[in-house]
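Chain IDs A, B, C and D follow the sequence of writing; residue 1 opens each chain.
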């Protein structure tokens, strides 16, 4: 470590000593701990270099790129239909939701619109991918805090949602089902009824998690007032999704200007929580899963009949222009800034992924917390490595 | 505000009555007052989006103005665009057989135009009135450096590090100007258009039509090719 | 056992004692791992657990042992070799010494000392040294953090555990474990002697404190910070592999079994079941089985908590020990003492 | 929020215990894989089957594949005329059709773009290999998968999609 860094650190310790937390007379020496890249808590290859004083974090510096796949570069050599296979793999737990904003951006440039039936089914699958994603978070948060059982419940019930997604799209994880101008295929027979049964299971799972995790006093003591993000700071870091709604910001793109999806025709509620701590983030996500169930149920009742594909040319050339479309993905706001030059391939695609912004707050957020809280805060911010590294 | 209206509808209506987007027009006219000469170009697609291009000197001021006067509290993203047409074409048509670079096309720019090869692209958002604006700024090839936004939007920190390693743009007064994704000793700027994507160059494209003709017959191009 | 061993030579006696001791440690530990870690945990998570090795996976444990034996014994380059190698033995020694004080029948015991429970609680603390050795010698930051956490935790919970036992001692009026069992077997609750006097009823607070302290001593969730796998990988075990890891593993579950047996002995009447005379020779046969059954009952609770709760943070754990459990157990002692004098 | 009577710690114990009882009485959610197999839905993208007679070596799939994992070689030949006295037809014969499943991303674009109904998905998934080179499935193997292709499903009410049939 350089001299300046040491001076800085000593200054920081001195500031902490004013809090009577660190005794400078003992002259404790800090310790650098690498959490990751291979670590059970980072569920991926995120590496967080934390400087510790005892178990208290002096500074935390996330390092990533261990899984960077260069998707922005790869999109430049792939045709528009081929790009959807790539973007599937950004947030691999809710992959269908990744396709939607890209397809919508391309549709905006091509000035086509998917037929109503396609939009409704798209919304249903969009919300199902949210369930598939967030349900795992609800279980995983327990594991990060030491409770092994919730994650098995999560995997158990997520399986049914994945089965339903697979029954329509053919892919459990990487559906590649969204097409410019509609969907690849229509729903198979009997799917709607099966899905209703699955939603019942998911609601049941939410109740179980509520009793097992949310109601647990140990869980509450571990998460309440831990990792508090004030709304303004969260916004300036570009936090989105449940992370910002749990800080009391009532903002959901599904309600406040969603293009191409039918959320505005459904009856649902945007959940917020005033606290902004880890518990709030967990709680908001739990409510959002239930809200997604409500939405899907309404969609299942109201799918209009009709075709699922608009008339688009067989070889897709997107007219020159620029479009930015964002949607409220499971992890937060995901947007694609697509620049086209009228070619078969996009000229440049900027992928604005939610986790990248969500995690960028960690150096600020992790200062002064204890090592166990590093884990619970990271878990509650909920990132997917593919969404950070792209 | 981004309404739940399809682009198709928008265009149809545009043909009938040119649509006005009062909120966005309003924003642009106010911005013109605030930034004056620094606002180089603007563009509005009614009820969809709004763009503004500013001068390099006003980059920091723009952020400050948008944050304080327009309630653009939400930092969305910051990136860059390399407008150089790719010297490798689409990297598809059997590059191995054709190692010479494709004759470069003319450089063209997108929305709000441009003058230089590199443009910075950023987007901020007003989370209460649901209004976002995309900002662009030209960067001269000779001086690829610009003031960092991270003092105004702390979230710009990582985005600027990414842009800096991928495009080779320097951000002045950045708190931590190190590489974000790439290893420290990486050379080159991968997102520049003249940085070859090796994966597409070490292997011949399997899509070359090599259905052999019958002996003694002239090739009739792709008769079964759809 | 003392009866049987009376006429044998010293070496024969020692061999038999060793063998029985091994069985007494390994068998309950194996039962615990299979019944609770493999099966109960799986059932609680809607799955079946190991099913392939043996009927219903009952030989899975042997397969695991075989697997661990094959693994490379990795020694970190910077490790303090001697201490690193020694640490698992120290942990195991504590476990083996602890079994000595638990009687399994009127004549079935390893040693019959007047300060039995005192000895038991004393030797149970030896494992702390082993854990500290493991954490320090591994020269890994995770190990070090884990070991330090373990030390702080084990010392903090030793105290409420001892204080909880004090209530029992006061009521039984003896430190001898065998006599505590006898006192429970022959005791009466307010004149009703039908089921003896298992102290779980009169010393319920003590029992709860003892269970919580045992949970913490065993570093099981919700007190598993020393091995917290999502934070410290596996704490002081991080650098261990193969046979040495297996020894820690056996140590962990054998200690769980023995502590459950100790709890069963102190609070549930040990090897005694109501309906028979406590001096009945039959207890030398069914005593171990009864003890095993009661031990499994206690262990069931320990593991049930383990699979349900998330873990505390280190400071919350210390607060629980010093601010809640210790005052509570002190109050318990005072009340027990007062009642003892009054009745 | 409704009033909580029991402490959450005890209610949580109830959840795990309930699951324990349910697993013991109603069975688990998992299946013992090699003995019991779950059947994926008919649309599942397991492996690609080739109906060789329909393939004209048009290269469309190989061109559209984002991973460049389809290799096709063919030659032209003259087929005997359909009606006596007619002109001999020129046809493409397929010499090689390989899909490298170690590269394949299972996106399904090749199946979508095939204009001659020569490629199909089958839900079959048990084709792992010990050597990565063995994942290159050739024409023969791909044609064998054809037997496992299920019929297309009916569509849900309100659909206007046309149900296709699998050539056998």
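To be clear about the criterion, a contact is a pair of C-beta atoms (placed from the backbone, for glycine too) under 8 Å apart; a residue touches a chain by one contact, two chains touch by 3 or more.
Values in this document were obtained by computation on a predicted structure and should not be read as measured data.
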{"item": "Touching both subunit A and subunit B (chains)", "value": "D"}
{"item": "Chain whose mean Cα position lies farthest from subunit D", "value": "C"}
{"item": "Which of A-D and B-D has more C-beta contact pairs", "value": "A-D"}
{"item": "Distance-to-centre winner among chains (Cα means, whole assembly as reference)", "value": "A"}
{"item": "Distance from the mean Cα position of subunit D to that of subunit B, given in whole angstrom", "value": "37"}
{"item": "Whole-Å separation of chain centres (CA-atom averages), subunit A against subunit D", "value": "29"}
{"item": "Distance from the mean Cα position of subunit C to that of subunit A, given in whole angstrom", "value": "43"}
{"item": "Whole-Å gap separating subunit C and subunit D, where each centre is the average of the chain's CA atoms", "value": "53"}
{"item": "Residues of subunit C whose C-beta touches two or more other chains", "value": "44-47, 307-309"}
{"item": "Subunit A: positions in contact with at least two other chains", "value": "149, 153, 156, 212-213, 216, 218-219"}
{"item": "Which chain pairs touch, all of them", "value": "A-B, A-C, A-D, B-D, C-D"}
{"item": "Residues of subunit B touching subunit D in the complex", "value": "203, 205-214, 217, 223-226"}
{"item": "Touch list for subunit B against partner subunit A, complex", "value": "1-11, 48-49, 51, 67, 73-77, 79, 81-82, 86, 90-92, 108, 110-111, 121, 123, 127-128, 130, 132, 134, 152-155, 157-159, 166, 179-183, 190-191, 193, 195, 197, 200"}
{"item": "Sites on subunit D touched by subunit B in the complex", "value": "56-60, 62-65, 68-78, 90, 92, 115"}
{"item": "Subunit D to subunit C touching residues, read off their complex", "value": "9, 12-13, 15-17, 19-20, 22-24, 28-30, 32"}
{"item": "Subunit A contact footprint on subunit D (complex, rising order)", "value": "4, 7-9, 11-12, 14-16, 19, 29, 40-45, 64, 66, 105-109, 112, 121, 153-161"}
